[in-house]
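Okay, structure first, notes after.
Labels run A, B, C and D following the written order; every chain starts at residue 1.
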Amino acid sequence: MKSSRLEAFSDGVLAIIITIMVLELRTPHHPTLHALWDTTGISLLTYLLSFVYVGIYWNNHHHLFQVVRHVDGVVLWANLHLLFWISLYPFTTRWMDETELARTPTVVYGANLIGAAIAYFLLVQTIRRLPTSGHLDEVFGSDYKGKVSPILYLCGIGLAFIEPWLGVIPFVAVALMWLVPDRRVERWLEEEGKMHDGETA
Amino acid sequence: MKSSRLEAFSDGVLAIIITIMVLELRTPHHPTLHALWDTTGISLLTYLLSFVYVGIYWNNHHHLFQVVRHVDGVVLWANLHLLFWISLYPFTTRWMDETELARTPTVVYGANLIGAAIAYFLLVQTIRRLPTSGHLDEVFGSDYKGKVSPILYLCGIGLAFIEPWLGVIPFVAVALMWLVPDRRVERWLEEEGKMHDGETA
Amino acid sequence: MKSSRLEAFSDGVLAIIITIMVLELRTPHHPTLHALWDTTGISLLTYLLSFVYVGIYWNNHHHLFQVVRHVDGVVLWANLHLLFWISLYPFTTRWMDETELARTPTVVYGANLIGAAIAYFLLVQTIRRLPTSGHLDEVFGSDYKGKVSPILYLCGIGLAFIEPWLGVIPFVAVALMWLVPDRRVERWLEEEGKMHDGETA
Amino acid sequence: MKSSRLEAFSDGVLAIIITIMVLELRTPHHPTLHALWDTTGISLLTYLLSFVYVGIYWNNHHHLFQVVRHVDGVVLWANLHLLFWISLYPFTTRWMDETELARTPTVVYGANLIGAAIAYFLLVQTIRRLPTSGHLDEVFGSDYKGKVSPILYLCGIGLAFIEPWLGVIPFVAVALMWLVPDRRVERWLEEEGKMHDGETA
């Protein structure tokens, strides 16, 4: 099976998740910047954080399926499993935000991040099983970011037990780490192109 | 008519249905795990159940239209009919959840599941009429899962009259049954590929 | 410009409009069928009506762009204009429903339906201007449904002034009229196919 | 990397943004036109304005990626950055509307418009870096609209400090300016087509 419809569906789900969070931003009761900051300040920051996270998953997903073009039923479910964890972001973000970064909601947010990271890891494993995924290791290599992220999430959860807002620091660090563009897939696509040119020449 | 736009539209609708349910998860008033379980415990489980159901329909829909590539106006409406029933999932899920699995809402949820199952059956029938759907029977054969599901839904509705939460057991059983991947379509696509290779050789 | 992205965007917007209305269905406070009918009865019927209307527009849109494959900037805006009117359906449906079919909201709903019908008419006109739309008249001919619909909408508005629920009858009639599949586009695509076969033979 | 999935994801996000605003239109409590105007009048106008703005971005985005067909990781993030600013429109629109065009919310809305304009500018710059974007300058030339818009936004913010509703005038002017279709991309695509015809002739 081609991966095109899996990509289209995932695009749809991620597009909705990334945008419905804005429905939950409460407008301030007073028309002043002060009220905006008081009512919506934390909301806007947590919205930004979750927006970046969903953006990172979309980006990684996009890169992953540039390399893999055929999928089977197990991959479809592994993908839905990932989307399930990401779909909880608006809920855990909202809770963390409504309680103004209380301990338990921050820990639950971290657990949600770890859940999505594990689901992404499982998705990559189910793809690795496929006979057509030969290039995957070549392209992604050791994937150190994928390994560092859960460790940082765990640090965040640990720090949240000391002081909730401290826990958010590693979460932000993960987001920043992924924001630095990853050129491995592009380099591979380029070399593929050159190889084909070489063959036809 | 090609089925590509029908698939794109269905992807969109299913993507929205699967994700808007998260908007309806109420956040607990106290920042504790206990409050999370009390306020949102059942919601999270019913959300998971409905997420899996929509995922199953997306999966089946995806497999179905791998085999069928041309549609007519009747199929477009049969597809919209299916989407209508699935679009009610967020509503019936919410009611069942808000009443903490009361009898009538659980029965109504079961009726909604049956409605969608019938609509899917009708969709397959409208496709079977088409001259280009020759492979359908070959690929899907007796479709025992499609036949067992409505029976289990009816059992669930029956059990809900005795004790509401008992009724949910068959609903969960159907979801688990469908989660086991179905390799018929993949096997067929593979054989198709081999046949084409044979012909060109 | 190819019409593929216009179609994808319209699919997205229509998919959202058709499904967000379900977010506005209020769940009954009592877990009984009686309460379901009292609280949500009219809502479910108006939801069904608007679902069918959006489905009709999607269907017609789909058929239209099977024939037209190239668009320009004016068509993009004519299409957005149509989507704007359809995007108001959830709002006018909700008002009509919350007031339990009061006079003014029913008239406003009818005005919304007429707005969308005019926007669709304008979209077809902007496409007709294009040099590549030669087949349009051939395929759609006199388009009697497109002409009868606004007249029935006006009847509905007129009847709503006498008795609101009477006004809904012509609205339902329009929906039923369009539900009967329209085979003109399919016939044309078939003949196109035959002609091409003839040419290559 | 091909730009097709970036386009699909952006279509999804913009489709959601453009339609969820309608969820926030409050229905009047009385079933009269007077109540509709009182409760929802400003909302409908600001909804229309934001609908047109999102429509403009979709249109420009569509034209841009007709010319550019390959993207890299930096462009993906520049695109997400743009979508982030546009995703705030429903929030800033709602605030401006709930406060009935108070000073601060109107200024914040203007700042949001400027944010999106800057993000679009940065997106174009990241595309300009790419070796495959040679046609960009040719096609878009001096892009006077893109330069005039931020100036008008600033005027709007300035005027809002004097009298809030005055500030909305330049915002509306920008929308009207962009509504006039831009034929540069179409002309280029046409000439491209002719050149190819010439080469093959």
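By our rule, contacts are C-beta pairs under 8 Å (C-beta built on N, C-alpha and C of every residue); 3 or more make two chains touch, one makes a residue touch a chain.
Treat the numbers as computed from the prediction; the structure is a model and nothing was measured.
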{"item": "Shortest path length from chain B to chain C (each step joins two touching chains)", "value": "1"}
{"item": "Same-residue or different-residue interface between chain A and chain B, half as cut-off", "value": "different"}
{"item": "From chain D, the most remote chain by mean C-alpha position", "value": "B"}
{"item": "Centre-to-centre distance between chain B and chain A (centres being mean Cα positions), rounded to whole Å", "value": "26"}
{"item": "Centroid distance [mean C-alpha coordinates] between chain C and chain A, Å", "value": "37"}
{"item": "Shared interface positions of chain A, touching two or more other chains", "value": "8, 12, 15-16, 20, 23"}
{"item": "Chain A - residues contacting chain B, complex", "value": "1, 5-6, 8-9, 12-13, 15-17, 20, 23-24, 72-74, 76-77, 80, 83-84, 87-88, 90-91, 94-95, 98-99, 102-105, 108"}
{"item": "Residue ranges of chain A in contact with chain D within the complex", "value": "7-8, 11-12, 14-16, 18-20, 22-23, 25, 27-28, 31-33, 36, 48, 51, 55, 58-59, 62-63, 66, 179, 181-183, 185-186, 189"}
